[in-house]
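In structure tokens below, several structures.
In what follows, subunit A forms one complex with subunit B and a second complex with subunit C.
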Partner chain A sequence: MNPLEAVEIARRQMTLFFIVDTSGSMNGEKIAAVNTAIREVLPEIADISSENADAQIKVACLQFASDVQWLFKPADVEGLTWTDLNAGGMTVMGEAFNELNKKLSRKEFLDSPTGNFAPVLFLMSDGQPTDEYRKALDSLRENRWFKVAIRVAIAIGDDADKNILEEFTGNSELVLTAHTPETLKQMIRFVSVTSSKIGSRSSGIGVGGGSANPEEESKQAEFAEQVKEFKDENADLEALSDGF
Partner chain B sequence: MKELSSNTRIPLSNGITATVKQKLGEGGQGSVYRVEINGNDYALKVYNKYPSRAFVRNLEDNVKKGAPTKHFLWPLWTVDSSEMFGYVMDIRPKEYVDFSKFLVAKARFASWSAMINASIQITYAFRELHRKGLSYQDLNDGNFFFNPTTGDVLICDNDNVCPPSTNLGIKGKCRYMAPEVVIGNNKPNNLSDYFSLSVVLFMLFFNNHPFDGKRVADVPCLNDAIERNVYGENPIFIYDPNKANNRPVRGIHTNVIIRWPLFPDFFRQAFIEAFSEDVLHDPNKRKSDNEWLRILTQLRSQTITHTCGNETFVDLDKTFTLCFNCQKSIEKPLMLTIGKQRIALYPKMKVYANQTSSFDDMFTVTSEVIINKNNPNIWGLMNRTQDKWKAVYPNGKELEIKPNAGLPIYKDVEIQFSSHIKGNIQ
Partner chain C sequence: MFAFHVIEKGSSHILTNKPCQDYALSHYTKEYAIGIVADGHGSDRYFRSDKGSKFAAEVTMIILQEFLASTKNMTRLPNGDWQKQIAASIISRWNDKIEQDKNGNTFTEDELGLLKDADKARAESDAWQFVYGTTLIAVVRTRECFFGLHIGDGKCVAIDADGNPSQPIPWDDDCFLNQTTSLCDSDAINRFRFVYMTENLPVAAFVASDGVDDTYTSDERLHEFYLTMWRMLQENAETAINEIQSFLPKMSEQGSHDDISIAGVLFDKGKESHNGRFSKFINSLFA
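What follows is the complex of A and B.
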């Protein structure tokens, strides 16, 4: 091999998990908006990954309805093709938490030989769990990957159980509420791009020290700050009356 | 800040007007547009939020000071209205490619010479910046563009450039910041710039971060605390002779494993010193950009085009070196010693003004080695300057070397480039 022709630098892996409620109530324009938004944002995330010497971005998608299913396991975002999610059935959110808990492990999905950056866990739901979720959520919250992850959720419409979403993110500021398909698309794009950018690079060091809260990762803090700015700028979007 | 639509006219600090043509991109802090000013295209960066007074004043100062060298895409004029703040800079020509693309192997240098030229240009540019009393503070792989064919360099994101230890609220990347800055003991200054420069140089040559070896790859999840540890509190160079727990791993750190053994000992030693535990934690011991320039220009003077047609490095402390392309042995060539610099006298080798004169110019060629047309066994050193040089033979005989004339290369000849700069062929 000509030594001038380098191979790609050893990059860590950063996985963006889409965790999507595909129960019956999501049917119609909600799931259509989710599909369109993710389909459209993947090439943008591929761009972020393709020139990023710190980490390669992978994307995984877990859907939950009457059961849970990986639409795809962590896959390189470059060249990834989205397959539309279909909605129908119940809302086994507890099972989804259990499944996620199982896969957030170095022996499972986070097995990159070059190591990982903390993942992004992005939950979207429009309703209430139809299964026993409490124990599942409690034990997920003990998962060490979960603790360091950038966590964010979108409540789709007013029927979503925001309390659970808040428990998932650990911060009410990190739950966004979408009332129209347009807003939903806009939020998915914002959340996916911003979390990918922040999550996939070496930690930022602000001059004079890191995050004020030592329990909080600086990336989580930076992301929370950007979500807050987004919410402030788009206050009118969340205040809309429910169009779903 | 609302997006600027095309044809928006924007008054600049110099009294003329820029016309927005199209949006080029968007970053964390703001957006960049292509604008037209007096018929020429420029780039305009507009901040999302009106920055602090100190930031604005610093940027205005930098506009007045002007670019330290042509390598900087420097702020030329500012845009300052109640609603927005920004600055105009030259537009980056298409042939310049992001450093990060080189790192992820989507671009590569056409030759080792181009790579070395890039390293010299970066280091020179930062030396001049520092000599102006400024520091860059946030060197990382997002700040540089290289021409893959020539190695020419452009440096962007110059809006955080400010006097050392001034705080404009910059946020650097852990992997490129000096340990004392990562830990939070110091604000970025020239000495932390020196550290970042050595990281950038290492990555440019070896396509691997100097601290990314086994110890770092073994970390399942690099969170804040661990990142601060491996890049701040307790960084370990992958080739630290005293610590073997962070060596590159086969199959992961492929580039550095292939390239590290190819370089001459003195060059590898420079990085071993720069990233030794002692120097990592004592900023005053860091290699300055001027020292790096000596090392890099020395490497350039040991980079030859072998008879197999490819470039390779010769080690001037060994009697022979293997060409890393064809694996054939290369006998140590004669070398021209001028002060501390040693130049391998091999066909196509170039000698530069900083070596043959007191001018601090490492880009102008003053001499090169050519093959005699009639007898390929005779190599000559050409005078590419407008000055006359003098050669003195061991028997005392003297020969004048006129501009564009050549001197056959023989051992023990002394060349007087000027009254006080002499070289010896050994």
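What follows is the complex of A and C.
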């Protein structure tokens, strides 16, 4: 055997970050729907990961209420068991943005620019920040991993601050609104699966030069197109009156 | 001294019927060894990057040989200016070469048709050089020193006399995901990174395009790959190079899917080398 074949060829990694508001207002149906939806979709994402020669998918979950906590740091989705989130407390979204900014770094969760694809950042919230978020969000938006990430948000119910969610995603089309537990679960599944598929795919071709990352821009654009189609096909879901 | 290089078209380029956009060269004498790799950018924007990488490697080889021929004492060179002068010469001669190519083979409608409107306008202006965009890494081992220069992504891994791997050329944080600095950048001279060593010299150094780095995505794996290669070269260089070359299609297919090019320079440290095996190999080369 050629000795070089003994050196393991490793897949690149793509991390799907769930960033979940677990403040008191999420208690009850909302957090139950989030837990059910993510628990049910993880095996599907694990299948996408195991069948993908280009990338291994990891999942991380940052929850924020009166403080911020990593329920999971990036972990291999294959074999991952979801631990239910519990809701209660304030909404320190600014602290969550700061924590995310800190971890989206070569020195933290994304240790190698050659070993990672741009991540997926999936924010879910039903309310307004109770802390100073502006500076944290502005700073996060300067993070280069954040800039190339697929970013998406779900506003849970009518009380969610959609303006902040739009600033997070950079595109109002990438903010979905869920008014019922069933809709929320459907949206979480759609966003998780679609973003994982697109985010973990490689063109296999180094691009180089220029001022942007065309591969990441193209993934962001493709994901936005898929979200638009989902919204068009499910216009009735967002038009529902608030059932939460 | 010994040097080698290998090149393989990437599996994705085979599928899409694109040319290999990597290029590599090597050369050695009793006094020095040179290894060079250039990786032309992959998207349709850079439709002549296969030529850009070839020209980059060729002019660099000439300039390095001229430099080595004209430099008496390699141990007393101050770090900095002389390396920047080499980089400036490379940029200048590379620009001459791509201009000659463009003048002799004007951009075709098919080529320009690959570009978006803004890029097409740029290609038809005085700022057309980007279509030849490429990275470049070159390393030189002499009896007295080791030096290297690098613009863009790809990596250089050196191995010291104790078999410890390192990456002696600093990484550039502007090389991020698929984005890389390039010889076609208007400020290319400021984008070059350098290494120059006169002590604890590496016994081997390898340079490669990102087709290798994107296959072995952690430094640990990457270093294991080069250490394995180094051990193979010590056993039997000719067999090793054949095995390396024959492994590259599989490596691209299972790893990065990208073009792959690798160049290596090796030096024997005589009795200090690993049980003299490498000495035997070097001696056999010059027998």
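Basically, the second predicted complex is superposed on the first by the 218 of 244 C-alpha atoms of A that agree within 3 Å, B and C clash if a C-alpha of one lies under 4 Å from a C-alpha of the other, contacts with A are read in each partner's own complex, and residues count from 1 in each chain.
Heads up, the rule we're going with is that contacts are C-beta pairs under 8 Å (C-beta built on N, C-alpha and C of every residue); 3 or more make two chains touch, one makes a residue touch a chain.
Note that the coordinates shown come from a computational prediction; the quantities given were computed from them, not determined experimentally.
In the superposition on chain A, contact of A:142 is made with neither subunit B nor subunit C.
In the superposed model, A:12 makes contact with both subunit B and subunit C.
Once the two complexes are overlaid on the shared chain, A:4 sits against subunit B and subunit C alike. When both complexes are overlaid on chain A, the residue A:232 reaches neither subunit B nor subunit C.
In the superposed pair of complexes, A:118 makes contact with subunit B and with subunit C alike.
Residue overlap on subunit A between its contacts with subunit B in one complex and with subunit C in the other: 2-12, 53-54, 113-118, 144, 148, 202-210. The part of subunit C that touches subunit A in the complex is made up of residues 10-13, 18, 39, 41-43, 45-46, 49, 130, 133-135, 152-153, 175-180, 182, 184-185, 209-211, 213-219, 221, 224-225, 228-229, 231-232, 243-244, 246-247, 250-251, 254-258. Remark: subunit A residues 2-13, 53-54, 112-118, 144, 148, 202-210, 212-216 touch subunit C in the complex. Touching subunit B in their complex are the following residues of subunit A: 1-12, 50-54, 106, 110, 113-118, 144-145, 148, 197, 201-211, 217-219.
For subunit B in complex with subunit A, the residues that touch the partner chain are 28, 98-106, 108-109, 111-112, 115, 141, 167, 169-177, 181-182, 184, 187-188, 203, 207-209, 212, 216-224, 227-228, 231, 251-255, 258-259, 262, 324-325.
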